[in-house]
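In the two complexes below, subunit A is the common chain; its partner is subunit B in one and subunit C in the other.
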Partner chain A sequence: MELQQKNPLRDFAPQLERTSIQGYVWIVFLLAVIGLGFYAFLQQVFLGHEVTGMRDNVVWGVYIVNFIFFMGVSYAGALISGTLHLFKTAWRKPIIRMAEFITIIALLIGPCFILLCIGRLDKLHYLVLFGRIQSPITWDVIAITTDIFGCFIFLYLSLLRDLATLRDYELLQLPNWRKKLYKVLALGYTGTPEQQQRLNRATDIMAAMVISIAIIVYSVLAWIFSVTLQPGWHSTIFGPYFVIAAVYSGSAVLIVCMWVFRKVYHLEEYITKKHFVAVGLIMLVLAAFFGYFTFSDYLTKWYGSEKNDELLIQLLFKEFYWPFIISNYIGVLLPLLVVGIAKFRTISNITITSVVVIIALWLNRYIIVVPTLESPYLPIQDARPEWLNYSATWVEWSLTAAGVAIFCLLFTIASKFITIVPLSGSQGEEKKEDVLV
Partner chain B sequence: MEEELNKDQKNSRRQFLKKGLIAGAGVAIGSGLLAAYVDTNAAETGEKVKVLTTDGEIMEVDRGLLKLPRVSREESHKGIPGRKFVMVIDLGKCKNARKCVEACQKGHHLPQSQEFMKVYLLQDSEKTAPYWFPKPCFHCDNPLCVSVCPVGATYKRSDGIVLIDNERCIGCKFCMTGCPYSTRVFAWKHYPEFDEDKEPYSPEASSPGKEGTVSKCDFCPDLIRVGKIPYCASACPMGVIYFGDVDEDTVTNGTETYQFSKLIHDRAGYRYLETLGTRPCVYYLPPVDRQFEVDRGFGDLEESVKDRYKDTPYSKKNKP
Partner chain C sequence: MAIQPLNSFAEEKTDSAAAPAESRMALNYLCSTDSVNLSATLTIKRGDMTLALENAVVEFTASNGTTTTILGTAKTNQEGSALLSFPSALLPTDKDGMVSYMAKFTGNDKYPAAEATSSAKPAKIRLFFSIEDSLRILKVTATQKNEKGEDVAIPKETVLIYIPRLFSLLKIGEISLDETGTGTLEFPKEIVGDTLGNLVVIAKIEEHDKFGFVQGKNVINWGVHKQYYKAEVPSRELWTPIAPLWMIITLLVMLAGVWAHYMYAVYELVMIKRLSKKDKPLF
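Moving on, here comes the complex of A and B:
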């Protein structure tokens, strides 16, 4: 009954029913990029990891950077959607599903990048067969698996009401198999008070779980670096630093997604400037935290510097000058200025800032991973340039592009399957929202 | 003077080997794994050597027939009973002759790009003396590489040796970032040198190598089992590298044998980067009373090897 009263589905039906020519071109383009990535992957499998830019000193490169980046984006989605849900934030409704999709899609792509880094994919099952709990990689395997399950359940719970709506909306022009699919997936949800109550309770529990799991998982990821003795990595601040950086990058990705879907599906009515400013302010707070953690980390390394920290900082300011400036200065200050000063707060300004933040955060991971590996305790003494300095090859860049393309493709497919803006909220919440608004 | 030393030390060296091998055993003697040690096609020399089997037994074998044992992967986890190995490197004698590197590469069937033993040109600070620094794996007693391995492919044995089982290794390279001494190497592809070795794989031999896995200096337990010292130690023309046993308190470079504790005490031996808490099993004797100028180390090097050192502070300073 609640479902029939307000039916914004009419607005969204075309999104689900048809794909425009541009839509098909976009999908073909993404498939082409993914195809190139697949070719690069085959090269790596058959010719060995020599086709990458990684060598004995810099054993982890762009792949690990992408891994951290995508996992960060994912945890951010989880943290943002979970927090907004728990606090019953009034304006969250049009954007919360995007955050949930970001979580699950990035979470599926991230681990693929760590697999690309592994020398013997044929022995991957050893991680389970012979797993050692003492190793942070095992912690990561357990944590990421838990996270994937948790986020799937959270996403599914939040989709249930809409799946029921889609099942019940008879005017929807869709092939039968899709209607049947909605019916199966809706699990017989009809919106009785008991069902509502149970669903709300389950979603609340999962939101709380997802928040804590996300914090644990990203800390574990940071510990992979900080448990080693390498200068620049061996830092106690890395756990919270990575968590903050993750949520920060995720808030930026969310803003970009909002902008894209608003344009493509004409959601101007649903996603307004209010939403951009609200998420922008979240991003602003995170930018301040991120800047604080970054400053704190580098200040202590620089002020009472050990020899190797000093060498690392020299390297950062010489060979990694621009990445360092973009990630740790521009990436921090730009959101503070653009979102902080009211008259700069336009939708396009906030979106452009978000794009810069995404790039800055990717570079931030790059200058965490690569310079440390280029400045080990024992100086690298080698005559071969590729063994001295890391630079990613076309194979690594193609696979990176493929990762981004898969992210876009899955997002496109997801938005064809279910509306990108949730159709229904629970009634209990609506009342609270009224009070808040 | 060096020759005199050699004469003096010869006896003690024999004794060391004899003593060392017997002390290492202490286990019941039975029918052994003779086949693993003897190459029946080779010619006999008449000289008998004692061999320590994987069971801790001692047997006599003709030196000419001796073949390096390839113990099984399971066996390689155990370590040689009653032993605790140690290496001492005398920096005062190293002139970067690189015979250690060559012998090691050959013995382990390694390509040029994979060096288990590396020789660095170090200078601790601007005013301090430069010196050549041969660096094997330190076989740490608190090895971070072993702690971080997710599948137990690298392990610490009872005799102190840290080995890698490349049948188990998944190639995640976490151990390479874990090791603060840049000791480990990765097989970025299948190198033709791996095919030279026709024997079955054993972690004790670190050969044949395998694409996509990590490997490193192994202290040559296969040589130790037949009473020899590692390739690097026996190949060094200057006798820079001493190998031995902490419990027996003896180290030898093949010609001279010393009491380990006295040597470290008298010559102020130290471990590299002690502050990191990894507790290495390799000790260094400081580069004092040097037999060679540092520049001798550039002597007959190939250009590509010479180029490695061109960016060191010492080379930069001495550029014309």
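Moving on, here comes the complex of A and C:
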């Protein structure tokens, strides 16, 4: 009720109406990074995959790691926003839209990285024309497509009330095209009881759907690895392990987004320490689960003493020592200490921890993908020594940076189009007084 | 097609690209029953990097010290190897029966010339199969030519017996030749052959000072018949014509369930739009 009295739309109007000099500098910087990525992409298109570190032996690298990472962040956004909505969590309002944006934006960027892995993009349509249901790759294509549609519908349903508010708020100084766009997108929603009832019903259903789809789709991604007999991948717990890792990384990304938007748009009044601690506690629980799954996975591999698993674990503790330590020790223990001990629970500490968790979870995906491909079952014959190990090139790093830049740019654009904190409530919470002057 | 070192991209990236190129040739010799097989491998060493040279013409010659016979030429392949086979009966031999072989690359503006030599005395290994007291016996004889051109035994040498498998030769035994150049081996029973049970058996004298590498080969149907696995029902393999029924049903049910809910949500949006016509703006 406090927010309603303060009229949040008046507070958010500057965010929607104009962009500061710093905002333009930020956008130009992002475009420059994207431009570098585009140049790297052209290099790859015209010179072939030879410009990447991927070779006959290690056929997947940073691209697939980014794909898994962004898809995980997306599913985490869907799970968090869907769960917060469905359980009508009291403190969800200032952060739920960020979770929804994370879902969609990461979902648009993730699959682009899998396309970068494909050598013959001109034959991409064969996947649809000649797709085989028994192939996990086909499952993934179907699952991701289904997920994209579901997440868009859920986001749109969540935005509908605010689109109507922005359409009807005459004091907003916006170009005519934007007002017309709000009018079209608002679908004539005026908040009548019947409209509210239908909207709430549809949103509740889609919230349940995005949660279940996120779990299934990320499990499908995990099964692409675990149905193979490769050491390190062939694990029955990979499905839930991937889901937990995804929500874990997504909660960290959400905290970083909360910190950034709180600073940039001065939302200290809306996004408080209470929200950081709440999401931080979610992250803490997920850290514990993630640590448990990781330990369980490696313990059984180590104790089983199967030759190739042993070789893989040796590789992880030698050549991949630091990535392994950061992802599986620091990435697990830091949230437990920082969020678990009450006196360490400051906004800055939780945010810094989240940054470490994001890096740790990215590295976690790296040490799942690359070391396994560097330790195949068959002895490698007639392979050049430089092909036996993977090392990412500037092309891959540039495209990775471009992916992150696109994520930031789309988030920036989205926050200019609609308020980053929902103006209206839902489930009957909304009243016209909520947004009226 | 131009002569080029393989992996030229990798070569250009190294500091050793500016170093002068040095051509190197290696010559391998194998004497089979009726012919000799020569294999010359040509590589370029530049700085620390060694690369195979492709499409280079290599000339093979044989000499007995007084007469030199050109055996032929061959182009190097991707691995830098040029292969040539020549009837052993036409080779020039010296008084001891030895033949000197030479492989020569004449070089060009970019790559210097290189050559390699090897000498060996032609020899033959023959394989015979028989069943004695229900035992399968492999008999091997090794012969060389004397100064009159007659076949005479190679005594007291060791012959290795192999069966070719997928990636390499499987050694199944060794035979020590007697004074008559003959030796026997009881053939193992449980080696898998092709669908008819055929096995290729190879007998070899390896790295001999005088004869070099000598090889004989024969085929016998003493192998276990190979049974190809044939799936009776479609399974998960990618090469099966259709997916398992349970998978198709599960997928269809799940997709139908999910998309039905999507349709319902879209239907509610359409209804919200229709309801708007009767109502006034939000404020």
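By definition in this document, the second predicted complex is superposed on the first by the 413 of 437 C-alpha atoms of A that agree within 3 Å, B and C clash if a C-alpha of one lies under 4 Å from a C-alpha of the other, contacts with A are read in each partner's own complex, and residues count from 1 in each chain.
The criterion applied here is as follows: contacts are C-beta pairs under 8 Å (C-beta built on N, C-alpha and C of every residue); 3 or more make two chains touch, one makes a residue touch a chain.
All values reported here derive from a predicted model rather than from experimental measurement.
When both complexes are superposed on subunit A, subunit B and subunit C occupy overlapping space and clash.
When the two structures are aligned on the shared chain, A:Leu187 is found in touch with subunit C, with no touch to subunit B.
Of the two partner chains placed by superposition, only subunit B is touched by A:Thr228; subunit C is not. Of the two partner chains placed around the shared chain by superposition, subunit B and subunit C are both touched by A:Arg132. With both structures placed on the common chain, the touch criterion links A:Ala401 to neither subunit B nor subunit C.
Residue contacts after overlaying the shared chain place A:Glu50 against subunit B and subunit C alike. Once the two complexes are laid over each other on the shared chain, residue contacts for A:Leu124 go to subunit B alone; subunit C is not touched.
In the superposed model, A:Leu373 makes contact with subunit B only, not with subunit C. Subunit A uses residues 50, 132, 134-135, 381 to touch subunit B in one structure and subunit C in the other. Taken in their complex, subunit C has these residues touching subunit A: 7, 9-10, 167, 236-238, 240, 243-244, 247-248, 251, 254-255, 258-259, 261-262, 264-266, 268-269, 271-273, 275-277, 279-283.
Remark: subunit B residues 118, 120-122, 135, 144, 147-152, 168-174, 176-178, 180-182, 184-190, 211-214, 273, 276, 278, 304-305, 307-312 touch subunit A in the complex.
Per the touch definition, subunit A reaches subunit C in the complex via residues 50, 132-135, 139, 142, 146, 149-150, 153, 156-157, 160, 164-165, 167-169, 187-192, 194-195, 198-199, 201-202, 205-206, 209, 213, 216, 381, 384, 386, 432, 435-436.
Across the complex, subunit B is touched by residues 47-50, 54-57, 59-60, 117-120, 123-124, 126-127, 129-132, 134-138, 141, 224-225, 227-230, 233, 373, 376-383 of subunit A.
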